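Before anything else, here is the set of structures, which you'll find just below.
Shared between the two complexes below is chain A, which pairs with chain B and chain C, respectively.
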Partner chain A sequence: MKFESDPTLVDFVRTEVVPEGTSFRALHENRVAVRINAEDADRLAGRFMSRFNARLIHETAVDMEVEGFDMVYIYDFSKVKDRLVVVLEARISKDDPSPPSIAKITWQASWAEREIHDLLGISPRGTPDPRKQFLPYEWPNAAESGAAPPPPEKGPSGPQEKWIPLGIAPNDAYATLIPIGPYHPGVIEGQTVYVKVEGETVVSADIKTGFHHRGIQKLIERRGYHKGVFAAERVCGICSAAHGLAYVTACENLYEAEVPDRALYLRTLLLELNRVHSHLLWIGVVADVIGWKTGFHLSWGIRERVMDIIESITGNRVNYGIWRIGGMSRDVSKELAERVLPAVKALKAEMAQLLPEIAAHSVVKSRLVGVGPLSYADAFDGGAVGPVARASNWRIDVRADNPPHAMYDPKVISWEVVTDEGCDTYGRTLVRVKELLVSSEIIIQCLEYLAKTTGDIRLEPKVIPVNSEGIGLNEAPRGELVHYVRASEFNMNLPQAYRIRTPSYRNNALIPKMLVGANLADVPVVMGSTDQCLACTDRFEVIREGGGASQSMSWGELVALGRRGRFGRV
Partner chain B sequence: MGLIDRARIYSPWVYHLHCGGCNGCDIETLAALAPRFDVERFGIQLVASPRHADILLATGCVPKQFIPMVKRVYNQTPDPKVVVAIGGCACGGSLFYDEDPENYAILGSPDMLIPVDVYVPGCAPKPEQIINGVVQGILKLNEKATRRSK
Partner chain C sequence: MVDHVFTILSIALIIPISLFLGVMYSFLIRKLSARFQWRVGPIVRMYGDLAPVIGSTRIWQPLYDILKLFGKDALIPSTAHKRLFTWSPYLSLFFSFAAVLFIPFPGLPLLSGTPYSLIIASYLLIASILFTILGPAASGSPWGAIGARREVELFLVAELSFVASLFVVAVTKGTLVISELAGFVGSIPMMLVTALAGITMFAAMLGKLHIKPFDMPEAECEIVAGPYTEYSGKLLGTYFLAKVFVLYNMVALFIAVFLPPLSSSVLWLPLYVVAALVLIFLLAVVHVLNPRYTIAKALMWYTKIIVPLVIVGFIAAFFLRVVA
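Here is the complex of A and B:
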C-alpha cells in the first residue's frame, strides 16, 4: 500500500488555518509544515484550540547548531480535515531563547515546556509552571541569573539527604504531607508523589518524575535510522510493539513510503496482541492494588497464553525485534496462522466470559466507582489520551483519526472506538475490558487474512532524503504515541533530531488533578488507573551526582552538553 | 545451620529492585510470580519492603538519578543478602550504555554500585531463566549464611 497525501491541503492551511505563516511546505501524508514568527505561537495556539478544536500533540525544540533553535509545535487537525497534522516551526536565537509560552493557554503544553527547558535551556516566557521536569528540583539555575551555582551546603552530604524535591513546602502543610516513592509497592517503577491530606482526604498533590531518564532520544540521534528501531522498542518493554510501529511510521514518513499489504497486516496483528497483553496486565495490576489477588491471578493467567502466541509469531516475549523500515523481518506462515487462530478464538471466548464478571465484581465496583474523576472538559484541557480520554467520553483514537502504517482501514477490518461516560476509574476499566474484545476481533481478522494469502513482507528501503520531517502517530495501549524525526541536512544516515512523546507523559500530568478529593487509600488506584508507564515518560535527562565521588556538572556545562551537535561540536 | 538460616533457605523473600530499565524484565519477573510459573509454591514471595527481603532482583541499567536510591535499598536489606541481576541492562548496560561518547543519563549496570551475585542475561530473559537465576541465588544465600554462622 502506498501512503499518499492530499495535494489541496497546503492551500487549505494557507488560506484557512495559518494565514500569517511565512512559508508552507507539504510533508508526506497530509502533514503540512508552516514557518511562523515565534511571537505568534501563543496567539495561534489559542485560535487553533477555540476555533478548530485542534489538539496540541507535542511542543518541542530542535537544535539547529549555529542557526539557533527551531521551536516545533505539532497540532492535530484530524477532526477538521482527514488526517491533517500541522507542524508550526519558528526559529529563535540561542542568545535569548524565550519564545512565548503556550502552556498558559492550554495545560497540554505544560510538561512539554518544562521538558524543553531541561533539555535545551529554552525558557518559554510566562510559563505557569517553570519547575524542572526531569532534572531534580534543587538543580541550580545558573543559566537565568548568570551567576555561578551556589556552593554545596554543609551538613549531611550523602546523596539521599540532598534529595528532597518538595512540591509543597512543609511550612504551609497545615495538613499532613505524605511523600510516596520513588520506590513504593503501588507501581514497580520509581516516581515521587507528594500528597497533602486532611484526615484521609487528599487536598492537593504533586508528582515528580525523571528518575528513569535513559537518554534514548540522543542515542537514536547518534546511532542512525536502522539501529534506532531497536532502541525505540526498548523505550518501554510493555508497549514495545507500539514504539516499534511508531518509529517505523515516523521514518517511513520521511519519504514517499510504500509498504506491502502483508506487512501492514502483520503490524496490526502484533500491535493488537501487544494491546491485549498490556490491558490484561493492567487489569491484574489494578486488582492487585485494590487488594483483590484473585483478579490478579485470573488476568495474568490468561495473559500467559497471549505471550505464548506472541512468542510463536516473533520468537520473543517482550521486545520483538521484527520491525523494519519498509516492512517486517519475519513472516507468519499459513500453518502458524492456522494453529494460532483457534487459540485466539478460545482466548476471546474466555475473555468475553471472564472479563465482564471481573468488571461486575462487587469488590472491584466498590473500590473503583467514582474514584479519580476526570470530566470531559478537564480531559480536553489537560490533553488526556487513550483510555483515560475515552473513559471521559472523548472519542479520540489515533487508529481511527490518523492511522499509523498498519491496517486499520474500516473497509477492510471491522472494529470500533470504545468510549465510556463513567469519567472515573471504573469507566477506564470498562473501556479497557471492551477494547480487549475489540482487539481480539482484529487479531482474528488479521490471522484469517494471513492464512489465506502470501506475499512480500518487506520492500527495499529507500534512501532517506535530507531535510525532511516525519511524524509517527500510533495508538499505544496507553494512548496516543508520537515519534517526531527530522532528517539531517547533511548526513543521510543520522537524524538531526528525534523526539518521543509518550501517552503516559500526558496522562501523568493529570494525576494530581484526579487525586484531589480522593481518599488516601485510593491514591495507588488512581495513579494506576492511567496505566502509567514511567519507562516511557522519562526517556531522557541528566543528573549531577556521579557514582561514588561526586562528579558535579554545572548548569552551564549541561546547557553546553544539550546544545552540542552530534559530532561533538559546541 | 540454625533454624533461622534453614527457614530463610526454604522460603527466600524477594524484593524487586527496579533500577530504571524498560519494564520488560519487570513484567517477566512478575510473570514468574503469576499462575503459569507460580514460584510462590516454593515459598518464594515478593515483598513490598527491602527490609523484609533476602534476595534483591535488580532489573535495568541505572540512570544517574537512581544512584542514591539503589544504594539505599541495598543498605536497607538485612544480611545475608543476594543480588540477582536480571536482563542484559542489569548485566552490562545493554544498548543504553555507551562509552564514547558517553550516554549522559546512564551510569551503567547495577554491579558498578552494589555487589551482584548472579547474572541472568537476555533481553528480556524468560521467566524460566529468571527462576533459574533465583535458584542460583538461593545456593549463594545458603553459602553466605553458613559462612556467617561459622
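Here is the complex of A and C:
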C-alpha cells in the first residue's frame, strides 16, 4: 500500500487554520508543517482548541545548533479534516530561550514544558508548574551526600514538605505525608507519588518521575535510521511492538513510503497480540493490587499462552526485532498461521468466558466502581489518551483517527473503538476487557489473510531524504504513542532530533488529579488504573549530580557498592 | 498428684503437637491456594533430581521461613519506642502460646477444666493480637501506624463477633469452662444455635487470621507490610511464630466449642483431624476467591451481616435458657 497525502491540505491550512504562518510545507501523509512566530504559539493554541476542537499531541524542542532552538507543537486536526496533523515550528534564539507557555492555555502541555526545560534549558514564559520533571527537584543545589536540603519551593501541592512520622508538629497533626515509591510493592517500577492523607483520605497528591533515565532518544539520534528501530523497541518491554511500529511509521513518513500489504497485516497481527498480552498483564496487576492473587494468576496464565504465540511467530517473547523501515523481516508461513489460528480462537473463547466473570465479581466491583474518577472534561483538558480517555466516554483511538502504517482499514478488517461512560477504574477495566475481545477478533482476521495469501513482506529500502520530518502515531496498549523524527539537513543517515511521547507520560500526569479524595487503600488501584509504564515515561538521559565532570563507575566499584554492609563494611 | 503429673506431661506434649499442627495448617493453606491459582506451592514430594540437594519434601516450608528469620539481624528503627517495639513480638508469642494451654486437644484436656477457661482463652488470644498492634504503633513508621490503625478497626468488629459467638454457646449450654463445652453435645435446638454461632465464629476467624477479604492490615500493595513493615530478623520471626500458634488456637477453639465432642476424647482424634482439614480447606477457599476489602467496607460487612446474626443467636440462646 502506498501512503499518499492530500495535496489540497496546504491551502486549507494556509487559508483557514493558520493564516499568520510565514511558510507552509506539505510533509508526507497529511502532515503540514507551518513556520510561525514564536510569540504566536499560545494564541494559536487557544484558537486551535476552542475553534477547531484540535488536540495537542506533543510539544517539544529541537536543538538546531548555531541557529537556535526550534519549538515544535504537534496538533491533531483529525476532527476537522481526515488524518490532518499540523506541525507548528518556531525558531527561538539561544540567548534568551523563553517562548510563551502553552501549558497555561491547556494544562496537558505542562509535563512537556517541564521536560523541555530539563532537556534543553528552555524555560517557557508563564508556565504554571516550573519544577523539574526528570531531574531531582533540588538539582543542582543539594547533592545526595548528606548536605542539608534547600528550603522547599512552593509547588502546586508542596511535595517537599518534611515528613516526620508520628512526630508531626501539632498544627499539621491531622495530616501525614506518605511517599509511595520510589520503590514500593504496589508499583513495580520506580516513581514517587506523594500522598497527603488525613486519616485514610487523600487530601493532595503529587507525582515525581525520573528514576529510569536511559537516554534512549539520544541513543536513537546517534544510531542511524535502520539501527534505531531496535533501540526504539527497547523503550518498553511490554509495548515493544507499539514502539517498533511507531518508529517505522515515523521513518516511513520521511519519504513517500510504500509498504507491501502482507507486511501491513503482519504489523497489525503483532501489534494486536501485543495489546492482548499487555491488557491481560494489566488485569493481573490490578487484581494483585486489590489483593486478589487468584485473578492475577489466572490472567497471567492466559497471557503466557499469548507470549508463546508471539514467540512462535517472531522467535522472541519481548523485543521482536522484526520491524523494518519499509516492511517486515520475517514472514508467517501458511502452516504457522494455520497452527496458530485454532490457538487464538481457543484463547478468545476462554477470555470471553473468564474475563467478564472476573469483572462481575462483587468484591472486585466494590473495589473499582467509583475509584479514580476522571470526567470527560478533565480527561480532555488533561490530555488523557487510550483506555483512560475511552473510559471517560471519549472516542479517541489513533487506529481510527490517524492510523499507523498497519492494516486498520475498516473496509478490510472489521473492528470497533470501545468506549465506556463509567469514568472510573471499573470503566477502564471494562474497556480493556472488551478491547481484548476486539483485538483477538482482529488477530483472527489477520491470520486468516496470512494463511490464504502469499507475497512480499519488504520492498527495496529507499534513501531517506534530508531536511524532512516524520510523525509516527500509533495506538499503544496504553494509548496514543508519538514518535517525532526530524531528519538532519546534512547527514543522510542520522536524524537531527528524535522525540518520543508515550501514553503513560500523559496518563501519569493525571494521577494526582484522580487521587484527591480517594481512600489510601485505593491509591495503588488508581495508580494502576492508568496502566502506567514508567520505562516509557522516563526515557531520557541520566545526569550525575555533583556539578563537575561526569564520573563513571567501574564494574568492580559497582559490585563493591552492592556488597557493602549496612555499617559501611566492605 | 496423678492429675498434676498428667497435666504437666500433657503440657509438655502439646508444645510439639501445637507447633506441628500450626505449621501443617499454614502449609495446607499455602498449598491449597497455590493449587487453586495454577501454581505449584510448597512441594510435597520433591523432584528426584533436586531431592538430594534440598531434601525430599517441603512440607515444613512455613517453619523454614520462620527459622530463616531467626538467623538474621533485627533492625530497630531510630524513631521507634525501643522497649515496646522489642518486647511486643515476644509478648504476642507468649500470649498466643499461653492460649494453647487452655484449649483442649483430643486426649489432652490440659488446663481447659479451669473455671472460666473460656474467658481466659479468649482474653489470651485478644492479648496476643493486641501486641501485634502495639509494637507496630511504636515503630515510628507511617506504614506501621496505618497498618496498626487498620488492625485496631478490624479488631473491634472481628473481636466482637468472636467473643459474642463464644458467649452464645456459653449461654446456651450454661457453662464457661471449655472442657465442659467440648463434651456437651446437647439437644437439637442447642445444636442449631451452636451451628449459627459457628457461622459467625468462622466469619470472625477470617478477620482474626487475616484471610483474604480481611487482610487489609498487611496489604502489601498499599502499605508495604503494614504492622510488620519495620520488623525484621528474630522479631519478625517471633511474630510469625505467634501467628502459627494463633492459627492452631483458632482451629482448636472452633472444634472444641462448636463441634463437640470431637475434642473430648482421644477416640475422636481421626474425626478431629478431618474437621480441622475441612476448616482449613474452607479458609483456603475463601482466601483464594476474594480480593481484599477496604477497611471501611470490611467494617460495614461485619456490622451489617455478622453482628445481626450474633444478636439473633443471643436471642435464641436466651430463649433456650429461659424456656428450658
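Everything below uses one rule, namely that the second predicted complex is superposed on the first by the 510 of 570 C-alpha atoms of A that agree within 3 Å, B and C clash if a C-alpha of one lies under 4 Å from a C-alpha of the other, contacts with A are read in each partner's own complex, and residues count from 1 in each chain.
One rule holds for everything that comes next: a residue touches a chain if its C-beta (ideal position, glycine included) is under 8 Å from a C-beta of that chain, and two chains touch if they have at least 3 such contacts.
Computed from a predicted structure; not experimentally measured.
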- Which of chain B and chain C A:Ile238 touches, first, second, both or neither: first
- Task: Tell me which partner A:Gly301 touches in the superposition: chain B (first), chain C (second), both or neither.
- Result: both
- First (chain B), second (chain C), both or neither: which does A:Ile290 touch? second
- Just chain B (first), just chain C (second), both, or neither: which does A:Gly21 touch? neither
- Kindly classify A:Pro387 by the partners it touches after superposition: chain B alone (first), chain C alone (second), both, or neither? neither
- Task: Of the two partners chain B and chain C, indicate the one touching more residues belonging to chain A.
- Result: B
- Query: Looking at the overlay, does A:His212 come into contact with chain B only (first), chain C only (second), both, or neither?
  - Reply: first
- Considering only the touch criterion stated at the top, classify A:Pro477 as touching first (chain B), second (chain C), both, or neither. neither
- Message: Output the chain A positions appearing in both contact lists, the one against chain B and the one against chain C.
- Response: 163, 185, 296-297, 301
- In the complex formed with chain B, which residues of chain A make contact? 136, 158-160, 163, 182-183, 185, 188-190, 210-216, 218-219, 222, 230-231, 234-238, 240, 281, 284, 296-297, 300-301, 303-304, 307, 317-319, 533, 535, 538, 540-547, 561, 568
- Message: Quick check: in the complex, which residue numbers of chain B touch chain A?
- Response: 16-18, 20-28, 30-31, 34-36, 48-50, 61, 63-69, 71-73, 94-96, 98, 101, 103-107, 112-113, 123-124, 126
- Inside the complex, what are the residues of chain C that reach chain A? 33, 36-39, 79, 140-142, 145-146, 149, 212-213, 215-216, 219-224, 288-297
- Message: For the complex, give me every residue of chain A touching chain C.
- Response: 163, 165-167, 176, 178, 184-186, 200, 287-298, 301, 361, 363-364, 366-367, 519-524
